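Per-chain residue numbering starts at 1, and chain names A, B, C and D are given in the order in which the chains are listed.
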Amino acid sequence: MKAAVIVFPGSNCDRDVSVALEHATGHKPAMVWHRDSDLPQVDLIVVPGGFSYGDYLRSGAMAAQSPVMREVVARAKSGTRVLGICNGFQILTEAKLLPGALMRNAGLKFLCRTVDLRVENADSAFTAGYAKDQLIRLPVAHHDGNYFADADTLARIEDNGMVAFRYVTPDGAIDASGNPNGSANAVAGLFNEGRTVLGLMPHPERAAEPLHGNTDGKPLLDGLVEALS
Amino acid sequence: MKANVHVTLKRGVLDPQGKAIGHALQSLGFDGVDDVRQGKFIELELAETDQDAARAAVEAMCQKLLANTVIEDYRIDFVG
Amino acid sequence: MTTTHQSKEPAVTPELAAEYGLSLEEYQRMLDITQRTPSFTELGIFSVMWSEHCSYKSSRVWLKKLPTKAPHVICGPGENAGVIDIGDGQAAIFKMESHNHPSFIEPYQGAATGVGGILRDVFTMGARPIANMNALRFGSPDHPKTRHLISGVVAGIGGYGNCVGVPTVGGETNFHPSYNGNILVNAMTVGLADTDKIFYSAAAGVGNPVVYVGSKTGRDGIHGATMASTEFTEDSEEKRPTVQVGDPFTEKLLIEACLELMATDAIVAIQDMGAAGLTSSSVEMADKGGLGIELDLDAVPQRETGMSPYEIMLSESQERMLIVLKPGREDLAKAIFDKWELDFAVIGRVTDTGRLVLKMHGETYCDLEVGPLVDRAPVYERPWEPTPPQADIPASEAPLPGPATEVLHRLIGGPDLASRRWIWEQYDSQVGADTVAASGGDAAVVRVHGTNKALAITTDCTPRYCFADPVRGGAQAVAEAWRNLTAVGATPLAITDNMNFGNPQKPRIMGQFAGCIQGMAEACTTLEFPVVSGNVSLYNETNGEGILPTPAIGGVGILPDASLAASVAFKAAGEAILLIGD
Amino acid sequence: MKANVHVTLKRGVLDPQGKAIGHALQSLGFDGVDDVRQGKFIELELAETDQDAARAAVEAMCQKLLANTVIEDYRIDFVG
């Protein structure tokens, strides 16, 4: 599997995800600076976490307008897998590759902790490494992770199996206590209709090796390698 | 020429910041605040002197960047 | 040589100098150096260079008593941060710094810019910052201001640190009424560099370009004394010193751009613009190199119009650096800063005159010999009195104030032991994906990227001990840092410190300072745990009441194998619990 | 009664958000934007019907919570 990681001014999980991808694939992904419009031919494009453009105005808004994102959108339309993590998820919604928007956390505070998630749909290259309904734990660290979409959009998302991960309590229940940021329908990760694009707020690359104290993010990367090689 | 842009959340979109301000005002003892909404106020200093041209430009800026039309509305006013 | 501008600036008199913080003796000393009445800009430069903050005039004689050497120390106090060897050609670079006063005035921005400042001290030396820590003291939890202050400070630390992508991995938080009017916000950064790629601040190479990079200069945080100057009030709204606002996004770009430039061979010397901005950075670079600097202030990127030389030199706008480049490397450097969309301007040259010369609009506003500005800065041996010893109270004479479980509940629920989770959850402690242990343990553990090694980091101080017995309290703070590092399995290597005290002109306060230094020195010597950097914050007083003496210690240690880091959690039922020590 | 509050940064105070928006507009090809400042726009729905009383209340809310008067100015308008 060949992968590329897009780097914006203010991205700061670009190195972390590239290390995790290197561990998973055995080779370094291409790092693509936001002003480059020639993106190499790859199987997976990753839009990493961080604070692109400081998250000023709205998280992800300025990055979504970057020249490289036009190319990412075009590739996504032709089926290349695109993974957006945290700020990357925000950028993908701003770029309209995914429906809805990520708003300020309901508690208004930045929140860094490990959360419980349920894998809602294992039928994608991104989630093939998990079983449906599997409970996993991943770290989150964000200020704007409160997923919003209008009622029609939410219905469409649910009808099409577009929810990849949901925030749950440790025993798998969906309720306010398991929802760290107020997301509608407890959405933590979302596919596009074709399940070729995934955006998620949790950071799989921070739970990818024993030293992280948690390896629940590794199946996501390994599953991608398996599916896209 | 100066353009003032107000970016506000669409009706029906939950406003966590507005809600929190409402709560905070209440706990500070300000009663009778029924609803609070928080938006953005962006002031643009433009070289353009023709108002129509300026409006078209600012309209495009709002569509492309300043507002996320999935959740936000915007209003453009010119001053001076 | 004289300056040529006088008509446009207020005339300097002993009274004006007093408003700018220079005592009559200091004024005389200044005249001895200049041999003429200095210009207003020159007065500004003397006043900040000779301020407590820049000159360490009350503390310098005492700081000399701290042990600063060990075989693994590459650079001790005196540079932007301390540097220690961690093997394999790598170095850890770290320092702690206070932003107490600004955080009391504007908690969010004060704390945020404190984090920004300490990050710059570390990456100036060539290090990529890998961890932030913070040591915080607030007043009584029920004081009306405390909630507002702590929530602002915590949000500001997170707001800045999270955005720049440096994990905040730990800290400490205490409450005591003595901080009601004087909170302490001490921030520490640890960075990583190769030992053959460490950058220093001494200017060299006559004729070399002096380059300004980063954000533009505004009227932020200009010497508060400006407000007192009648000459400036007619236009007060325009010229009032404003609170510094941090721009962590620009800082992130500045880190990346500086590290990219440092990977080339273009840099001769580099220095961040911290307190007293362009003044202290240019004076220190010239002084350390034994050379002069001539600056053309018209070339300084400015955010506001009509700024005077005084304002440009004293501005504390954030996210700026001063660099001396090798000749002919301007284009290479400019291309890097253009890529990162940062300001870049050649603003002057290194000279062989040993003088600081400042020109603007074709006139000379400053022409001072650099050496004496630094060497002849006042040094005070302030009178001090030892803290009277307190009687030891035998434990048997301090009965339990209630049933043991109830007392335990009270202790755990009290502000000093209650969980700090709500604080550290606002900090991204994982970015970098090298965090092995963050808040919640004895010391944080962060892997050295790309290796199996890890650094352990802790901040410690128990101010009430220092108040009761400064010598033992100072020693205890160092020993606690040492213990916290060893508790996670690390070998302690060195410390940085942040000496927070009251008014040094009071012998009682000076006695606390002297005592803490003595205790720290003894502990550091015994434990072979040298001090490699630090910061002093004095005059932490409100209405004549000083804070508890608070020598915050930041300790760094090394683990050869990150996977062997120990943590506090019990691992399994049925395992033995051992108590060691006495 | 509805009050609109504009909270803006004082003159001379650095506005990192405005600066970044200005940069972004430029790189999107919008030339001639000389300066951008970003502030907040807060809409309050009040039970109070007397404008003087409402103004006094909103003034107090601004001082206590809505604006950070160390670095921000505010303006209050009533609508409807």
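Side notes on the structure shown:
Operating definition for what follows: a residue touches a chain if its C-beta (ideal position, glycine included) is under 8 Å from a C-beta of that chain, and two chains touch if they have at least 3 such contacts.
What you see is a predicted model; the values in this text were computed from it and never measured.
In this structure, the chain pairs C-D and A-C differ in their number of contacting C-beta pairs, and the larger number is found at A-C. Chain A and chain D have centres, each the mean of its CA atoms, that are 34 Å apart. Measuring from the averaged C-alpha position of chain A to that of chain C gives a distance of 37 Å. The distance from the centre of chain B to the centre of chain C, each centre being the mean of the chain's C-alpha atoms, comes to 39 Å.
Within chain C, residues 247-250, 341 each touch two or more of the remaining chains. Touching two or more other chains at once are residues 53-54, 56-57, 62, 65 of chain A.
Counting only residues that touch two or more partner chains, chain D has 16, 20-21, 24, 28, 38.
Applying the touch definition to all chain combinations yields A-B, A-C, A-D, B-D, C-D.
Taken in their complex, chain C has these residues touching chain A: 155, 158-159, 162-165, 247-250, 252-253, 340-341, 424-433, 436, 447, 562-563. Here chain A touches chain C in the complex through residues 9-10, 12-13, 15-16, 19-20, 49-51, 53-56, 109-113, 139, 141, 143, 203, 205-206, 208, 210-213, going by the rule given at the top. The part of chain D that touches chain C in the complex is made up of residues 9-16, 19-20, 23, 68, 70-71.
Interface residues of chain D facing chain B in the complex, by the touch rule stated above, are 6-8, 18, 21, 24-25, 28, 30-48, 57, 60-61, 64-66. Looking at the complex, you find that chain D touches chain A at residues 16-17, 20-21, 24, 28, 38.
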